[in-house]
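Common to both upcoming complexes is chain A, partnered first by chain B, then by chain C.
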Partner chain A sequence: MDPSEVEFLAEKEFVKIIPNFSLDKIYLIGGDLGPFNPGLSVDVPVWLALNLKQRQKCRILPPEWMDVEKLEEIRELERKEDTFTPAPSPYYMELTKLLLNHASDNIPKADEIRTLVKDIWDTRVAKLRLSADSFIRQQEAHAQLDNLTLMEINTIREFLLDSLNCMYKLRSNLQPGATKGQFADY
Partner chain B sequence: MFIADIKKDFYDVVANQRVALLVAADIDALCACKILQALFHCDQIQYTLVPVTGWQDLSTAFLEHKEQIKLLIKEDDDLGVPTYDDIFRDEDEEEGEDSGNESDEGSEPSGKRRRFDEGAIERRIERQRAKRQWEARRREILFDYEQYEYHGTSVSKMNCREKKSFIHFGLDGYVAAMWAIIGLTDQWVHDKIPHMKYVSDIATVQRHVSRHNHRNEDEENSLSIDCMRISFEYDLRLALYHHWSLYESICNSYYTACSFKLWTLKGQKKLQEFLADMGLPLRQVKQKFKSMDTTIKENLRDVIEESSNKYGMKDIRIQTFGVHFGFKNSFLASDMVHAAAALLESTERDENDPTDNFIKALDALSRSHLDRLLSGIDLAKKKLIAIQQTVASCICTNIILSQGPFLYCYLMEGTPDVKLFSKPLALTLLCKYLLTAFIHSTRNKRCKLLPLIMAAPKDVEKGTVIVVGIPPESETSDKKNFFGRAFEKAAESTSSRTLHDHFDTSIIELKSEDRSKFLDALITLLS
Partner chain C sequence: MSDALSEDGSDINQDDSQEDVMTPAELIDKLEQAWLNEKFSPELLENRSEVVECVMEQLTHMEANLQRVKKGDAKAGFHRMEIDRIRYVLSSYLRSRLQKIEKYFPHVLEREKSLVEGQPSLLSPEEFAFAKEYYANTETYLKAVALKRMPPNLQAVDMLKAVPEPSLDSFVFLRVKERQENILIEPETDEQRDFVVDLEEGSQHLMRYRIVAPLVSSGAVQLI
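For the complex of A and B:
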């Protein structure tokens, strides 16, 4: 999966905006989007919010988890624990990037939020690498990791699966005379 | 464009149609174009952008597009617009179409085209008679009106002012304010508006900007550093000094160079005294401004203001705005004007398309093309150095001659950088600096009140020169320029081959052979 595909999936998440135009309820295939009235907040998917923002037709409100104190707590918790703590949002990395690139004037303390989210990401990916490393080294049969987000899984998926494939081939070659001549060129 | 106040009327009319935007080649028009483009993007209005450099271009472009468009938007800060009624009328007459409507809507032409109605011949004749009478009266009025050409409120500022009615369209007033500021500064830099008007216009824009700034900064500066900030500055009048070294900037800004008379040895000494007076070591002053010692940079403006008062430069500081985004990028409005003007008229490569330069200059004004802006600043530095050297050589070799009612100067073909001065904006800038320098260097009281006409070779193969006239320098001038009419009359009376193509009627092209008789005619006309 491409990271841009993950971002595309992330754009389906809902976010609150305050439009400055009025429009009746619209009926889309994915669902209905409530009537738009200037000055009243309404929930829309991120793709629509960004489009409206770029056309200067709305103001985006930061999601609840995008707050400096909350993110600081999550970061401290993440650093303390050995396992993964629940992420602020299943698409926290993509949403941060999208919202801070296009609507940073609507989000207070945008620079600190960017730093905090990056810290959380770094900690989690480091834990993931450590865990994958120990999995391969100890040649475990199965493992379970909770609270991973799609972006993190996507980061490690290709490498982990390829390395497990290589390990399998190496292991199967050790068996005397078993798969001689059947070695498919990888 | 003669829409007086309510832009809402104009915008609503335009909103559902396809628009052709004909933009003149100067920075104010570029800024207004940017504002309109932003508006059109937000509301998804289709538009065609056509850069034009003169009346001929305008009519060609109009003829090319006339099949598809009904309303023309021409951007020019000069109020000589009515003439394009002529374009409408002439070619309609050629086609023999029923264009009677247009005589009624003199100042807001919306050229509605109707099919030729064969049964209405009598009506047509009657209308044509009425039209001829109307036209004769109109010509009279126009002559009086166009006799003195001057620049009205900056177009971009007008656009920005009507922002209030745009708020319900949701236009981001802040970015539009930036372009309005740049358009206004362009008028000031190229000396198109008097100082008083500049100050009052700045005050109006300052109100808009501070309103927006207050809205954003309620909780302790919580805005991201990447957002664009406009700040009001009472900054020095040294061109490009943030991107150059302080020494170079003082040497190449016309205000300081003329006050110190830097083309003389005495002037150079005075400059050294001035720097010593302020306590700035020469080594610091000659290195790039950004790498100067921070202790020196802290009080620089006040220190310079104090010292310059002693040396007779009372107006070294001017009210202006600065744009900041990110940690590294901060530009004053005049920096952007110089950069965009240098890009618009760059003679770097031989076969440069004017449209190419136009697009480059337009890019430089937007935030996402910083490298363009920086290259524009480099070009502007070269241009300023060239101007300064030319001024110095002109004054030292005394090629400014007093012809009676005006001063005259001709740039020979062998002058270095003369290609730079074949463009109208650069030549006007040179003219202005030369006049100020001349006034500072001459002792003749009468000469100080004379206007200046300057000629420079424009196209060597075709043998044409470009001629620019600027009004005399005075404290309270309202910058009205009568040379447009004067040039036309002189050309008529001597039947010289001239081209009055430029939107600014005080800039014309002339065949070099006709130069002397044209001048003689001018002398007799103006004395």
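For the complex of A and C:
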């Protein structure tokens, strides 16, 4: 899956915005939004929030977890634990990137948040590499991956799945009488 | 989003006969689930033409409404953006199906041939026509380019053997929508033994597609 498609899914998450225009309720196929009143916060999907922001029609309120103190706590916990701790949001990396790139003026301490999220990401991806390595070494057939986000899975997907397939191909050729040709490449 | 997904999973079994009670938002969720499943499963899944048709209907309806709106209306812009997003998912879904048909066409057609009366077809009528045409064109092409210059005893080619089958033993990532008990996992090596796992609702796993294939088609797990 392309990372931009993961980002596409992340854009469905809701954020609060404060519009500077007024508009009645709108009835989208995916649900109703609004009404919009200047100065009153309203929930909209991220794709719409970014569009409005780019046209300077709203101010985006950062999601609750996008806060220096909370992220510092998460970072410490993530570093301390050997397993994956619950991510701040299932799309924390994508949302941080989207919101900080397009609305950094609405988010207090944007630079600190960027660094913190990057730290959390790096710690988690390092753990992910370690566990992928032991998964392959021990030739496991099943792994439980709670708390991993889609973007994290996506960074390792092709490499891990292709390697597992290659190893399976090699192994099944070792065993006499194994079904051959199933994995033949053309 | 995960809440919406799990809520949606519970009514998957009921909606076959009463699709009209589904809200448009649920419909879009269905389409997205079908899209992700199709993207990540190694084999071609059953077609969801009822979902595709309903979404198409929604889009056409919305577009017809937008024709009547005058230019510069703020709401129309929102609607257009939403339409574009849904259209992207829809075409990406259909495209990934076509790619699989192109990759595995002899096996897909073979399966259609062996269908028993009443068993649902994997392909929509349009996809079936595409698969047949692709088969015929590939055969003609191979004949024209190489086979007819071969000695007569080597001119036949068995497509079923020439094109690799989808490998059901690939690993997939999945999220559980309905709790499952006692899923048997076969070991990778001879020294290890079989073991069973319970799949808790909301948990995520990595395992072979073959084990969970029935759960994917029933909607109990979602590939991610």
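Brief remarks follow.
Methods note: the second predicted complex is superposed on the first by the 176 of 186 C-alpha atoms of A that agree within 3 Å, B and C clash if a C-alpha of one lies under 4 Å from a C-alpha of the other, contacts with A are read in each partner's own complex, and residues count from 1 in each chain.
Following the convention adopted for this analysis, a residue touches a chain if its C-beta (ideal position, glycine included) is under 8 Å from a C-beta of that chain, and two chains touch if they have at least 3 such contacts.
Predicted, not measured: the structure shown is a model, and the values here were computed from it.
Shared-chain residue A:Ile26: touches chain C; no touch with chain B.
In the superposition on chain A, no contact is made by A:Lys16 with either chain B or chain C.
The larger set of touched chain A residues comes from C, when the choice is between chain B and chain C. Look at A:His102: by the touch rule set out above, it reaches neither chain B nor chain C.
In the superposed model, A:Gln56 makes contact with chain B only, not with chain C.
Contacts of A:Gln144 after superposition: chain C is touched, whereas chain B is not reached.
In the superposition on chain A, A:Arg129 makes contact with neither chain B nor chain C. Within chain A, the residues touched by chain B in the first complex and by chain C in the second are 21.
On the side of chain A, the complex with chain C involves touching residues 1, 5, 8-9, 12-13, 21, 23, 26, 28-31, 33, 47-48, 51, 90, 135, 139-146, 148, 150, 153, 157, 160-161, 164-165, 168, 171, 181-186. Across the complex, chain A is touched by residues 1-2, 24-25, 28, 32, 39-40, 58-59, 62, 74-75, 77-79, 81-83, 85-86, 88, 92, 161-165, 167, 169-173, 185-189, 192, 197, 203-208, 224 of chain C. Against chain A, the residues of chain B that register as touching in their complex are 41-44, 168, 170-172, 216, 219, 222-227.
Of all residues in chain A, only 20-21, 55-57, 100, 104-105, 107-111 touch chain B in the complex they form.
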